[in-house]
Amino acid sequence: MTEFFASSRGFVVLLLLFAIGAAGSLLFNKNDRQANYWSNLFACAGSLWGMFVAIGALVAPEPVAFTLGFSPFSLLRFSFLLDRLAAFFLFVISLIAFFCSIYAIDYVKHYYGKYGIGTLGFFYNIFIAGMLLVASAANGLFFLVAWEIMSVASFFLVIHDRDEQENIRAGLLYLIMTHLGTAFIIAAFLLLYRSTGSFDFSAIQSGGAAISPVVKNAVFVLSLIGFGTKAGIIPLHVWLPAAHPAAPSHISGLMSGVMIKTGIYMMIRVFLDLLAPFPLWWGVVLLIAGAVSALLGVLYALAEHDIKKLLAYHSIENIGIILLGLGSALTFLSLQLPTLALLGLVASLFHTLNHATFKSLLFLGAGAVINQTHTRNMEELGGLIRLMPQTALLFLTGSMAISALPPFNGFFSEWLTFQSLFQGIAATDSRTIWVFVIAAGSLAFTGGLALACFVKAFGAVFLARPRSNEAQHAREPSFFMLAGMWPLAALSLLFGIVSGYVANILQDVAGTLSVFQGFPSPFLLAETGRISAGGFSFVSPPVVFLLLLIALFAVFTAFNFLFFKKQKTTFGPTWDCGADLTPRMEITSTGFARSIILIFKGIMKPTMLKSVECRDGETRYLPKSREIRLGISNIYDTCLYKPAQDLALRFSLYARKMQSGLINMYILYILAALLGALYFSL
Amino acid sequence: MHTFFDILQILLIPLASPLITGVIKKLKAKFQNRRGASVFQPYRDLWKLFHKDEVISQDASWIFRLAPCIVFAVTLAVGAIIPLIDLATFAAPAGDLLTVIYISAIGTFFLALAGLDTGSAFGGFGSSREMTVSALAEGGLLFSFLVLALVAGSANLFSIADSILTTGNFYLQPIVLAGIGFFIVLLAENGRFPFDNPATHLELTMIHEAMLLEYSGRRLALMEWAAANKLFVFMTLGANLFFPWGLMHTFSPGALAAAVVIFLLKIAALCLAIAFIESTIAKFRFFRLPDILFVSFTLNIVAIGLIK
Amino acid sequence: MIRLLRKTVATPSPLISIDPSACERVDISVVGREIEDHVKRLFRGSLAIRQVDAGSDNAAEQELVALSNPFYDVERFGVHFVASPRHADMLMATGPVARNMAEALRRTYAATPDPKFVVALGDDAIDGGIFRGSYAVYDAVKNVIPVDYEIAGDPPSPRAILCALLKILETIGANSLN
Amino acid sequence: MEPLLITGTLLLAALLTLLMKNLRAIELISVSAAVAVFIAALKIALGASAPRASNPDGFFSIDALGAIIALTIAVVGLAAAVYSVFYLRVEMAKGIIGFHRVRQYFILFNLFLLAMLFAVMVNNPILMWIAIESTTLSTVFLISFYDKPTALEAAWKYLIINSTGLLLGFFGTLLYFTPLGEAAGQGLTGWKTLAAHAAHLDPMIAKIAFVFVLIGYGTKVGLAPMHTWLPDAHSKAPAPISALLSGVLLNIALYAVLRFKLLTDAVTGGAFTGKLLLAFGLFSIIISALIMLTLQNYKRLLAYSSIENMGIAALGFGVGGAGVFAAILHIIYHALVKPALFFLAGNIFLKYSSTKISRISGVISALPITAVLFLAGFLAVTGTPPFGIFFTKIYVLFACMTMYPLAGFIAIAAFALLFIDFLKQAMAMIFGEKPAEMPMGEISPPLWAIPLALLATVLLLSFYLPEFLLELITQAVEKYAL
């Protein structure tokens, strides 16, 4: 049975499901209801099928490779390779897409009559199919096609809510950035083609030894920038915090949960699979990029009061964490420490899976909140835990998982990442050790700051009293939205508890890469569900889970049912030194993060705007309202993108001067070109 | 026999922790030339609070009500998996230094959420400050343990203690530096001077207390108790990881007696150190605190450099 | 409010006034030891006091602060001051209750969990003292919240407060025996 | 046979139109002439794809590339004819033009088609030059169709610059005749004769000749810096004419350059001509990428995009190898996409009566289908998969990469910039608030159905090339790739 799924026929069925979903929803464009059900049910079915395909490819003894169709272009082959790495990413994509599609059934209802659901469903199906193709393509050109399809489809999803001018701008930025990234990727593949004479991954891989070091390094830099743009490495991240809030929430969940991971996938594929062996500095660069992204990502998240932007910045942070694992894997490989490299790679893969589950959960939860309150501004939310208890619990689960609190899954992948960094400190020489120290230090601070950030996010959205009228009338989301979120929360916990087994599977996945062939002695061992990093350290997820569960259960039981039961509990207003406590006096999300922002003001360059409006214009004694806005100046815009844009504009204006409108000048150009060409040719 | 120790291990922390706070208070009183309350006063406070009624804010959710249980359970759980007296307990297989750090972070997480839950202005900024301090303390905490792990070649706390115990103090300087780094974090995480004043009545300068202002009765008792537990856990970590001498390897009555006595001496010395610091320096301005925490981090980095 | 009124009406002999001028010359360590005994018996060894300033002139506060200094050191007797009425067993209200502070005082009372005692400290708190009759004050704490005990003095000295506290504890003990 | 038929049909159509007094009849004549031409061109293409079918020495002689270009002319001509009918009906209804203008339009339209096809089909460089020159003449009045001062100015520039350029081209052409000697006097000199004598060409003269031809016909191709007439002309002409100008006329001039390139290569080898083409192609791409960033007029945007695409084709022919294959395909795709875009621009113009980008917003509300198609066309023309231009660009790049990596990198950067330019401008037009008083909905179905058909054809051709087309391309590649 599994052979059927993981075969060309199984894959064609997979693509057909999405194609029918896409085509059907376009046909039903006139009827929102039909389009909704059609597109999302087919997306569900497709994702489910995708999971089967992935599992089939995971259990298959050999990588599944096949070619579909033909093309008029000799270099383009629709060839697929489902090795375990690809299968793993297929699985993650399908898994998240499945739950997001379930969620979408109810979520998109609020677009009825406003925007066409047909086009949404069309691009949604194309988008998922594009991601699946990206993960399974085995030919550079075919990959680029899939990559662009994914990007363009997601662009149309981002601008779906097109009446907001801001969303259009976000989509524009997104597509520009992603296209720039693609340009770099194209350059990288062309260089590879130049050296190996093929776009096929297998040919590139076998010809990898012949590539000169200069070209290899160039390919590394180009593809790091190219894929890094998609993944959201700082400073290439600028599109992420803009595009995620603009997109519908289930799209944000998919984009943040899995789409940006395709960048990671391709990095693994290109660096580890195609280009190995490589010099040490590759890994070091990745480690530094990861450290910077993780730390800055979480700091920017802290400064954010738009819930979806906050989550978007956390995606950047988590990409940084994934890169730390990947970077240590590369470093270890170039230091001839393959077992440690396997550890690092497993860490990054595991964090990829985990981040996909809890980040999509958080985005879906945020979507439920926004759907009810019609605002993304956390300063206007609050108190929703009473009105939306299930959503609150789900969001809390996601928050705990992303803050790496045991026994949720985020902790165990971060644990693995830490271990690989620790191993780097323990096992490498005196120069590289400092890179690992910096990386481990930034990861440690990242963990602490992420915790602070999610206290802020959860507190500002769900706790205390509602800060706006709309937040007072929120209601629990409807069935399918909850049905999409609950399993993700359950998975966050489950992947944590069984993380020993998951790590074992991932070790098999990572071990099939060519660089790990011929190295015995798996470093990670999961006996009785325990994850161990060699002799250095181990953690036993089930024991941790049971320990916490028993401790909590014992304390709770003793507290509530055994002792001191006869004390009365009364309810009263919150004590605030006798003052009238209004929701406006609650700490705001800006206020919460203020101290951290000010501590890191050297890095974050905060901008504080104070404005006071007075009742009496002259004396200014009686303020009517005060407003303080704490913002972060966007140094990437001011120092990187704005100058580049200005430069382009200046060149453009120079070039336009050419088109002066004077016919004499035009004729002069012709003569000048003639003379110039004659001069150079003779 | 082991079962007995296992139970002892679990119960020792919560049972003894109020005593530790009592002792520190007593020592502080002595430094101030006062007689001070009895060392058992914290037990009396808890006992009384458990018998009082509760007033809960009507804006509070289940987070506020459940948080004391979670915070307390977390300290219990952490207390169960650290080396206390015996190096061969059931707790050893649970995890390593990261597990301890991140499990205790659960407590901080819910404590801070509980501070936000009632919508009180004090609770809000208490949470904000607590999270700021604990976020910045995390680097120092992790790296001080990491120094030990690198010395010992293992990240398991029991193995660390064991290894340092058996190989002697070959790496004296790094361990001392890391120990100082850890001590700073201990003060920060437990809201002691110069980070926080545990006895303050001024809402505007509070960190830890501000989050508890809304609690009353038995939930307050549980929170206070959990705070005492946490302090004891940190002191135990400091005493048994950085100076592991006296820990019991294999059971024998003599070893047990020696272990208990030495452990108590170490804890007493730490209590004295904390009381001394609290009596001799003032609380720092909030925005000076990061500097101290970065000092802790830097000390540990230097220690790592010394090992290599 | 209604609950409060009903309670005010329902409680028999609500108020015990204590004039501590008699115990000016007693040894505070003796008084303290007795307080300690009572606190142990009545409050399980821990008496938490929340001081409420309801428009006081700060005289009484000075004296209360003095209780914590090394000379009086009430902490050794198991008595300590707390930061929130939620933590308190006893409210010590001072001042003649300025109109703006009345609501705060009521809320403080409501915020304190049972069992709780309210002590009006100083003449201002008992009957308005020198502020009595002013339009700006309610004259006495008992006009706003139910008061259990009163400690006279303008302001009472720390020694007097301690002495009165002992008497209060004795009364509470006697009541609880009944 | 077919060439004669084409010539005859179009001449006849022009004459009949001149005589007709009935609008419907004029429309019918033009459309049916276009259909006939299309069928004939298809037949030529099918015939040329059969091996050794054409007679290389007749009056008309069509090689594989010529057949491809003729077919694109016929396809776009047909589309433009149909589109013109409905486009002009709207303009007439608005009262902008009257019956006489329409008749004049169709006469010139047919002549224009005739000149283009004749240039491709005729087997003599001089006659080809004349035909190309007459395309200029026939379109001058189409460009100044609206009689506005700016339109007249554009037409004037078009005339002067092109004539100047073509004059240089003519000089270059004559230089190729120098080695003929005796043979020059015997009747019409076909390309084959020229090719046979090309080896005797003095290398110096060959180089000079090619430079003159390149600059001369390059003016018509729109290679920078000789492109200056193009944005003005394309933006002032009625949409269907812009479509023809941009989609196919440029190709014909490029085709002429290529034929001379073959002659030159026989003497100098491919490197010389290749480098020149590459340099001008790259320069065109860079210039258009830069200028498009700050344009304020969407028809000019499309015009500059044509310059860019001609640059890509020149680049492809210049680097040779796989580049030639890509360049030929690129010409085909571009010839279909660009007219579609001009038609859509025409729809927008009909609705908004302005070509300023700043005046256009909310097209997606005002003209939903046009907006969607415009987006699709934009994606197609900027080389986004699954549209074929993506592959042709990649192929050109990779041909570039193997020979001149630096040029490849510059081209990649320019393509990225071009995409950004186009995206920025298109987004500004398509989204946002539409003017309040503007009614919603398309103007008439054919106006969007034609570009839809063209785009669908491109999409189809991106994944499936019909047998005869593939054969033609293969032949053309064989001939033009060195």
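The first chain written gets the first letter, and so on, giving A, B, C and D; residue counts start at 1 in each chain.
By definition in this document, contacts are C-beta pairs under 8 Å (C-beta built on N, C-alpha and C of every residue); 3 or more make two chains touch, one makes a residue touch a chain.
Model, not experiment: these values are computed from the prediction.
The greatest centre-to-centre gap from subunit A, using C-alpha centroids, is found for C. Centre-to-centre separation of subunit B and subunit D, using mean CA positions: 79 Å. Here the spacing of subunit C and subunit D, counted between their Cα centres, is 98 Å.
Centre-to-centre spacing of subunit A and subunit C amounts to 60 Å, using the average Cα coordinate of each chain.
Centre-to-centre spacing of subunit A and subunit D amounts to 44 Å, using the average Cα coordinate of each chain. Residue positions of subunit B with contacts to 2 or more other chains are 51-55, 203, 213-214, 217.
Among the residues of subunit C, those touching two or more other chains are numbered 84, 86, 110-111, 113-114. Counting partner chains per residue, subunit D has no residue touching two or more of them. The complete set of chain-chain contacts reads A-B, A-C, A-D, B-C.
Interface residues of subunit B facing subunit C in the complex, by the touch rule stated above, are 29, 32-38, 40-41, 43-45, 47-49, 51-55, 200-203, 206, 209, 212-217, 220. Remark: subunit C residues 84-86, 101, 103-105, 107-108, 110-111, 113-114 touch subunit A in the complex. On subunit A, the positions that touch subunit B within their shared complex are 382-383, 385-386, 392, 400, 403-406, 411, 415, 418-419, 422, 425-426, 430, 433, 437, 440-441, 444-445, 447-449, 451-452, 454-456, 458-460, 462-465, 530, 535-540, 543-544, 547-548, 551-552, 554-556, 559, 563-564, 567-577, 581, 583, 585-587, 591-596, 598-599. For subunit A in complex with subunit C, the residues that touch the partner chain are 568, 570, 572-573, 575, 577-579. Contact residues on subunit C toward subunit B in their complex (touch as defined above): 40, 43-46, 48, 70, 73, 75-78, 80-84, 86-87, 89, 110-115.
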